[in-house]
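Before any comments, here is the structure.
Read from first to last, the chains carry the letters A, B, C and D; within each, the first residue is number 1.
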Amino acid sequence: MRPKLPHAGSLWHSGRDTLPEKSPIIPFAGRVGANQEFTLGKNSCARAEILQKFPDAAPWIPVRDAVSLKGFLQIELWKAATVEAIASCLLVYLTCFVAIGLGQVVPVFASGPVVPGLIGGLTALLALPLFIYSAGPVSGAHINPIITIATFFSRLCSLPRAVLYVSFQAFGAAVAGYLLRASMDTRSFIVPGCYIDTSKISIGSAFTIEATTDFALVFLSFGVGLDPRQREVFGPALGPIFVGLIVGMCTFFTGFSRDGYTGFSGNPARCFGAMVGSHFSSYHWIHWIGPLTAGMLHGVLYFFVPPYSREEVAAARNIRDDDES
Amino acid sequence: MRPKLPHAGSLWHSGRDTLPEKSPIIPFAGRVGANQEFTLGKNSCARAEILQKFPDAAPWIPVRDAVSLKGFLQIELWKAATVEAIASCLLVYLTCFVAIGLGQVVPVFASGPVVPGLIGGLTALLALPLFIYSAGPVSGAHINPIITIATFFSRLCSLPRAVLYVSFQAFGAAVAGYLLRASMDTRSFIVPGCYIDTSKISIGSAFTIEATTDFALVFLSFGVGLDPRQREVFGPALGPIFVGLIVGMCTFFTGFSRDGYTGFSGNPARCFGAMVGSHFSSYHWIHWIGPLTAGMLHGVLYFFVPPYSREEVAAARNIRDDDES
Amino acid sequence: MRPKLPHAGSLWHSGRDTLPEKSPIIPFAGRVGANQEFTLGKNSCARAEILQKFPDAAPWIPVRDAVSLKGFLQIELWKAATVEAIASCLLVYLTCFVAIGLGQVVPVFASGPVVPGLIGGLTALLALPLFIYSAGPVSGAHINPIITIATFFSRLCSLPRAVLYVSFQAFGAAVAGYLLRASMDTRSFIVPGCYIDTSKISIGSAFTIEATTDFALVFLSFGVGLDPRQREVFGPALGPIFVGLIVGMCTFFTGFSRDGYTGFSGNPARCFGAMVGSHFSSYHWIHWIGPLTAGMLHGVLYFFVPPYSREEVAAARNIRDDDES
Amino acid sequence: MRPKLPHAGSLWHSGRDTLPEKSPIIPFAGRVGANQEFTLGKNSCARAEILQKFPDAAPWIPVRDAVSLKGFLQIELWKAATVEAIASCLLVYLTCFVAIGLGQVVPVFASGPVVPGLIGGLTALLALPLFIYSAGPVSGAHINPIITIATFFSRLCSLPRAVLYVSFQAFGAAVAGYLLRASMDTRSFIVPGCYIDTSKISIGSAFTIEATTDFALVFLSFGVGLDPRQREVFGPALGPIFVGLIVGMCTFFTGFSRDGYTGFSGNPARCFGAMVGSHFSSYHWIHWIGPLTAGMLHGVLYFFVPPYSREEVAAARNIRDDDES
């Protein structure tokens, strides 16, 4: 059990003041599963400089900092995006590979897609925490455009980082698609979670399920993996496991109730990669517009009900501005 | 939950300064699951001497030290390699024995290889952490050439150690192969994970699956078991369990999606032993070249995005050089 | 997570110095699951006296002490052996009772012995830690001749203790055998793990499987339950659970791959009791010679790669000799 | 992991000295799962008075105190017995209700009672710790005559408490029996664990299984839940879980191996309640004499191999007597 933070009253202050300037861990408020533990503390002497370079080193990024394009000049962002690309490539490859197999065995089970859906949920539950642990210290372990989009709209992630991450995630997923095609000896394969039988389910239904479940995914992921108040409840070892549980749960819950629907996507890059490897379908926009809708809705919620005192955070940022002037 | 390290600022410094000269635990940066906890601290008075004998007692081994052949003279390396041989022999024997049985029951299940594959993944998940705990303090618990190769290319392991480990792992696996033949009363047996039906799957596909999954295995194993930044997140008791989870996950994910493919190997020595016990096949090179490719690719990634500040590590090594002069 | 031992540098010294002379816990280096936590510390004033009476209160017993027959005069050894007898009786009774039932239902499952074997492994995994916790403080919780034999050859257990333990374990198991016969209303029952269909499997195969798996059992049990270096990694609550995992794993792994072989024994007393209760078979020697071979092989390994600095332990013992003179 | 007790040398002394006189927790040596953590410390100024009123506030009760009938005058004992009655009623109702259902579905499973037995064991494993946590602070959470009987013979529980507890447990169970009859709309139901098909299994066998497994249950429960030496190994949160594991394990192990036998009882009150609700059978004496035999045998073992130094405990009690005189 984690010891109580001594100054738990002011949650935002409990960021790390001791992160050295040369440490390879760049503070990032949007790190998944860490519940903002690795954010910038208030008293760091290097504060101003770090916030200048990485406005998302602390939460509640001012709008003018968030959209500033200076971030594209930071080599660390490009390194982090590269790790996102590699992790996305591997995650998409593995979860598509196993899902293809699970989709094939559905007709074998008398119970239909329930058991394969359960196993499919289990695969997400297993794979995701391991990837979050591995990529977390470098990139914050989004490994999924839906998380990057949601953290951007929640002002935990700057625009340059968001653009780089989503692009590199999509690129990594595309490489995974080509590797899948090579591994399957064919481009005729179906990836559950990205396939919809449009003769059995309307586009409106598919979009409703996708967007609603995406919003649940974002809401819950922020609740267990990006909320500074959870630092007192469980540490950075348990957070990623809960995020895996969320994705696994959503995958299983939406996977078998409607005939012709193979489960929500929850990861636009995964379906992008799967379609690069096989064929693009007309409804692929759902996999992107669903998460975008969910991320924007969540941003509005986050604006009105933030998990920290906004005045306090703004005051801390003003201190920075004073230092600058 | 692990207490915070008091000097977490400088991660590399938090190695143990108190390891006594006569302690049976030789510091080794490449110890699996320990996240470099048992590496050499900066202030140890015996630093210079230990680094002279064991350049891999600290990470980021200089190239000239890494390839120095003096390591072959260290009796401790031979002892560690012997433990690797014994652990590899036992691990290969047990995991092959159970896999042979699981392969036999596949036709019994209406769902084909899904359930046996799931059980097969479970066996890796169970067996590996126990072996890592047991062999860890002596040899660092590689028990698998793919880990040794990857730590070598990531400059956490010296060349003499790598050569000794891989040789002894292969030797132990060969003994396991003969024990398997004696246990089966025949040399006609098939070990899932090492067998490919080349009439159903192309060699290109098999190599793609093997190399990609090997890379995922190495990337994740380093992320949860060899990353000094994870010492703050979870301790040396949880690391080996996550490594077991990784191998179990990859085994299950690749085990049933393609007809004629029984899952990725992930351990060249295991398949070497299985083939010593039964018969060698023409595609055995995949089990070695796949891991080699993955280890080298990961070495490149590790070079550009290292989990510690390279300047700091180099500075610490320079101090050593000063002491020597 | 366990706090770091303050004087972790000298692992052997970290034994308890504060064990009172009248404490009911007699220090015993061969206590399973405790990783030598409850061994004699270096500075205890009662050291000399305790080591005189119980040479196995500290590891690395000198040969002349180990084989000294004076131990037979210690009433505490007889009490401990009695607890071993009771625990062995109960463990053998329960695990044989459930195994008989599991053996009966094998033909019911389409998949043959896989699922019953899995449940059988689970029973070992459940039962063993509970017995180790219960018997641990008194006898060190061997409850199995294979552990007693292996600790003797590793010089963690004196000869009188080994002789008493094995005898009482066998006696307890024999009582369990008679209780089984009474519980079954017959002496015609088959206990999986002790039965071999010699028409389907050669004696050589059976011995190879038994001895190799026994060696794995001993190697892993020492690694997670009797290694002083693991005290830093996990404490005495987790050790017994890992030991249960080892036996469960080996039981499952060897339980179904060969037709006619019901799994390795791993506990000579269990099969002795089962045969007392039903009928003795010609191959019962395998259940004893296999563990003996494994224990002796492990003793050789332990001699050359001990988990502590032998010089240090010997020095500590010399101090004792000085005190005596 | 629990921190080491600073004065671990004298285990019996490490009881709580700080329990206030007005604390609602009356010290009770026989509290299940607490490993005698909540017993009376040596230096409490209220010692003499408390021991006068509650001789079982510390272990090793002198015989004349144990059988003294003055305890019947303590209102706290009647309150505790009432809680025992309520907890027994609820536990018996719930575990019988689910067991009736599991017994009905046995014919549905091709594998017979194995899977229902596994689920039945799981229900005990789940329910028991929750009841032990809930009733523990007031009554010590016996909730089962077998524990009360065994603690009495081990001199951890006074005679008045034992008589009150067993009576109230039986009364609570009888109420549960009537509630079951009302819930089932019939008195023709069979509760697995309390039903024996005497045409298929001899009374001698049934008694042997019951008494042996009861002894295992008592031996293990004392080992993990009533042993002061375990306070160092795991705390009062884990103890009740292990006790639940023991009952679940024994329930499953004995549940399916013999045709016509539905598993050991392990709780006389549960079967008493079940028979009040349905019909009494001729073999109900087994459910009481089995536990009585096991409790007495365990008392003998406990007398010869107690988990604490008897001299020390007696000395502490003499101090009390001196205070009185």
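Just so we're on the same page, a residue touches a chain if its C-beta (ideal position, glycine included) is under 8 Å from a C-beta of that chain, and two chains touch if they have at least 3 such contacts.
The chain lineup, named per UniProt: A, B, C, D = Aquaporin-like protein.
Given the structure is predicted, the values throughout are model-derived calculations rather than measurements.
Peer 1: Using the touch definition up top, find the fewest steps from chain A to chain D.
Peer 2: Graph distance in the chain contact network comes out at 3.
Peer 1: Suppose a student superposes the Cα atoms of chain B on chain C; what rotation angle should they report, nearest 5 degrees?
Peer 2: 70
Peer 1: Between chain C and chain D, two touching copies, which fits better, same or different residues at the interface, with half of the numbers shared as the threshold?
Peer 2: The interface is built from different residue numbers on each side, given that under half of them are used by both copies.
Peer 1: Report the inter-chain centroid distance for chain C and chain D in whole angstrom, where each centroid is the mean of the CA atoms.
Peer 2: Distance between chain centres: 29 Å.
Peer 1: Take the average of all CA coordinates in chain B, do the same for chain D, and state the distance between these two points in whole angstrom.
Peer 2: Each chain reduced to its C-alpha mean, chain B and chain D end up 48 Å apart.
Peer 1: Could you list which residues of chain A touch at least two other chains?
Peer 2: Residue numbers touching two or more other chains: none in chain A.
Peer 1: Classify the inter-chain contact topology: is it line, ring, star, complete, or other?
Peer 2: Basically the chains just string along in a line.
Peer 1: Can you work out from the touch definition every pair of chains that touches here?
Peer 2: A-B, B-C, C-D
Peer 1: Quick one: in the complex, what on chain C touches chain B?
Peer 2: The contact residues of chain C facing chain B are 1, 3, 8-11, 110-112, 114, 118, 201-202, 204-205, 208-209, 212-213, 215-216, 219-220, 222-224, 227, 229-230, 232-234, 238, 242, 245-246, 249-250, 252-254, 256-258, 301, 304-309, 311-312.
Peer 1: Looking at the complex, which residues from chain A come into contact with chain B?
Peer 2: Residues 1-3, 16, 18-20, 22-25, 79, 82-83, 86-87, 90, 93-95, 97-98, 100-102, 104-105, 108-109, 115-116, 119, 123, 126-127, 130-131, 133-135, 137-138, 179, 182-185, 235-237.
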